[in-house]
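Lettered A, B, C and D in written order, each chain numbered from 1.
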């Protein structure tokens, strides 16, 4: 399969290289990814400035833009041959629950919707992973399975993997996104010149994290697989909202 | 009502000021918004650097961050009194269909989920609007209606308004997001020093744009109102995906 | 006189507006300046991305670039009529001694070399100035004097003004740049996610700061005026270096 | 000798790696350099945000800041052992005449003033160099000569090297900076969304480029060596300016 790899940790990040190493055993793999850490980039696109690319070694293309820029560029003119699927990751750190809204890893996968195969975002839930090879193996298994039995091609899978040796995984679980508690208040402090600055704090712990959620799967040592939408319409609200609007 | 206004066009953008002018007639309005144009920012959060704010005149707070940063900061420590709702806009340009994935305007509204009232993103569909006051009036009407009859507080409304005088509007329509054609291929060109650069092109025209979509409402002179999700789980796929995963 | 004003604190900074207010009494004044705080920008030029401008009110042009970009743009195509001189400031904070190497205020003035009149960089030495009008009056006096008695047009004057009421100034002194002690070591700390970050500290206090230096003039309540070079050649070393090179 | 290498083309640029390769034969070499291309950065310092570093391989430290940031960080807390000299380069492209004001390559060298040995900025005058090894050999020769016969330690040497095989060089010449013609007017154009943008053009050709200048040395196939100042005071103007100021 012709697979495009991207991420939001940057084109030389160890998670990306671990993913490439494993998938290149069976597939034709190309990397197009941001030239630096772009965590938190969400689906942002660079529209006010142009993009530049440089090659890093033989088959890594680094882009001075976001994860979405990188995949957009790869699919819309940069590569001679269009890939069949996009895999984004392996992220260093979880993309569970509300994280998916802000995640550049998930965003890169979303740009790969409408290709021939589902797009996959894959994250190791530890911020300092020890077992990249486990997540890489999970990715390889999912790709292999897709070759045997298709899923709808506009599917996006958000996959989180425990930071464990592969044979200690407790299986795969399909689950919905949970929700986190709100982040702590911003940290107000001062720079060395005495000017006020604010830091956005890390996301809160799982709040809606019971059975059936991605948080719960991870807490139980399982690979969490969540299918994602790219159509943000809340279809279930269309009718009641129509009634409400009639009152305008 | 205590309303927080934000946007992605920047804290001195005319659409934001038109919105403030109209809403301040009846409400307690504060602006916390990016200090510059951040179109295309999506839900990106600034996590590698701290944020700074400066005041512009009496009641405008400008943040050197994204739309999501601005609202996050406003709700998590910057403001003494928590607002009851967030309204983001008025954007110069449509946020229809897939635009919502990339839109900083929509993202700013999303950060206002879980407050006491629904969050609203409002856009004038022209990139060079002449009738800001029409969109501002639409916002005022929606807020007034919410005071009389509540909607679930986690609701997010994506509102697009034709660039017409108010009395030429053909009404309000609740609709789903349509879809655009893909953007044209990136434009490959050179900078003045001869180095290759790439520009991401504007989004394509409406593709899935028939009756029931936001594109269609706008094409027919109506205000398009679409309820949005923040839970990206594709619930309808959970079952079939579980079957598929059993094959792993 | 047609005067171009710029700075490195941003196009709406109070020091810039104070300067404009005073000079506009007698001169034809235009502002082209960075759209945000660019302190420490030195002579940096934006060459990898294009620049954009927006107007803020009637006669302020804001550029999404550096001080040097702003003046370069103003003199090379943006303005219909070329100004006769550039004045940069009023900076909030001293530009004494080694500061000049890093200063965006001084850099903006440097871009105005080769116009019809000397370029002037003007700074209030307090980081929280109370007496903008004093520095503005100093600027007005220098411009008036230039109209009566010329200086070589490629002259660049670096002017620092005590933060005092005008009638408490102890006169004007022409002086050389002194030198500062080195900055303290960088501050090593962690961001809220536990990752290591480093802050560059404020410049050290005056080291070579005796009589004849700009530090000394300021310490004694005088306006410090230092003529600057833009040719970095150390002419005095050419001969001895030639001898040394013969040994290669 | 303990040598710190930096540049403005980024920590993986071929010119930097060529320099390291040659100097590491005889010296203890460490690289601390920007993590991306920072051409045109001049002496800019990052003071509004913190800096982060990451290691690339064994002995390369990449900084998400400017050339000046990188060297400042290296000398003020990052490295356990202070280097004895700084060499910046090999830049891809000339740093002749006025280029030195804007050059990040020269700025990185300037930050190394006051160490035990002169600082050196070294540039290959071609924007697409073929003979990195020639410039690297020139650097090695200069360092070796400094070991045998000292120069004042606050000396900064700006070295430009023709892009030729080493044995085709026509010798070394100590010279002053020449001057360039002004750049062409900025290029006014539009982005793909129809918004006006401006590009700063490449620097003009040599204007003051006769015998004795760095331009002339290069045009004649010689290595151009120019001693630079970091004290910007125009000492020759102090007296006449004092007379002028008395008229205030």
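The working rule: a contact is a pair of C-beta atoms (placed from the backbone, for glycine too) under 8 Å apart; a residue touches a chain by one contact, two chains touch by 3 or more.
Please read all numbers here as calculations on a predicted model, not as lab measurements.
If you take chain B and chain D together, the chains in touch with both are A, C. Distance from the centre of chain D peaks at B, each centre being the average of the chain's Cα atoms. A straight line joining the Cα centres of chain A and chain D is 40 Å long. Annotation: 23 Å between the Cα-based centres of chain C and chain D.
Annotation: 45 Å between the Cα-based centres of chain A and chain C.
Shared contact sites, meaning residues of chain B that touch two or more other chains, fall at 47-48, 50, 52, 64, 191, 193, 199-200. Against chain B, the residues of chain D that register as touching in their complex are 48-50, 52, 127, 187, 191-193, 199-202. Against chain A, in their complex, chain B makes its touches with residues 37, 39-48, 50-53, 66, 68-69, 72-73, 76-78, 98, 100-102, 104, 106-107, 110, 114, 141-142, 145, 148-149, 151-152, 155-158, 172-177, 179, 182-186, 188-189, 191, 195-200, 225-235, 237-238, 241-242, 244-245, 247-248. Contact residues on chain A toward chain D in their complex (touch as defined above): 12, 35-36, 47-48, 56, 64, 191, 193.
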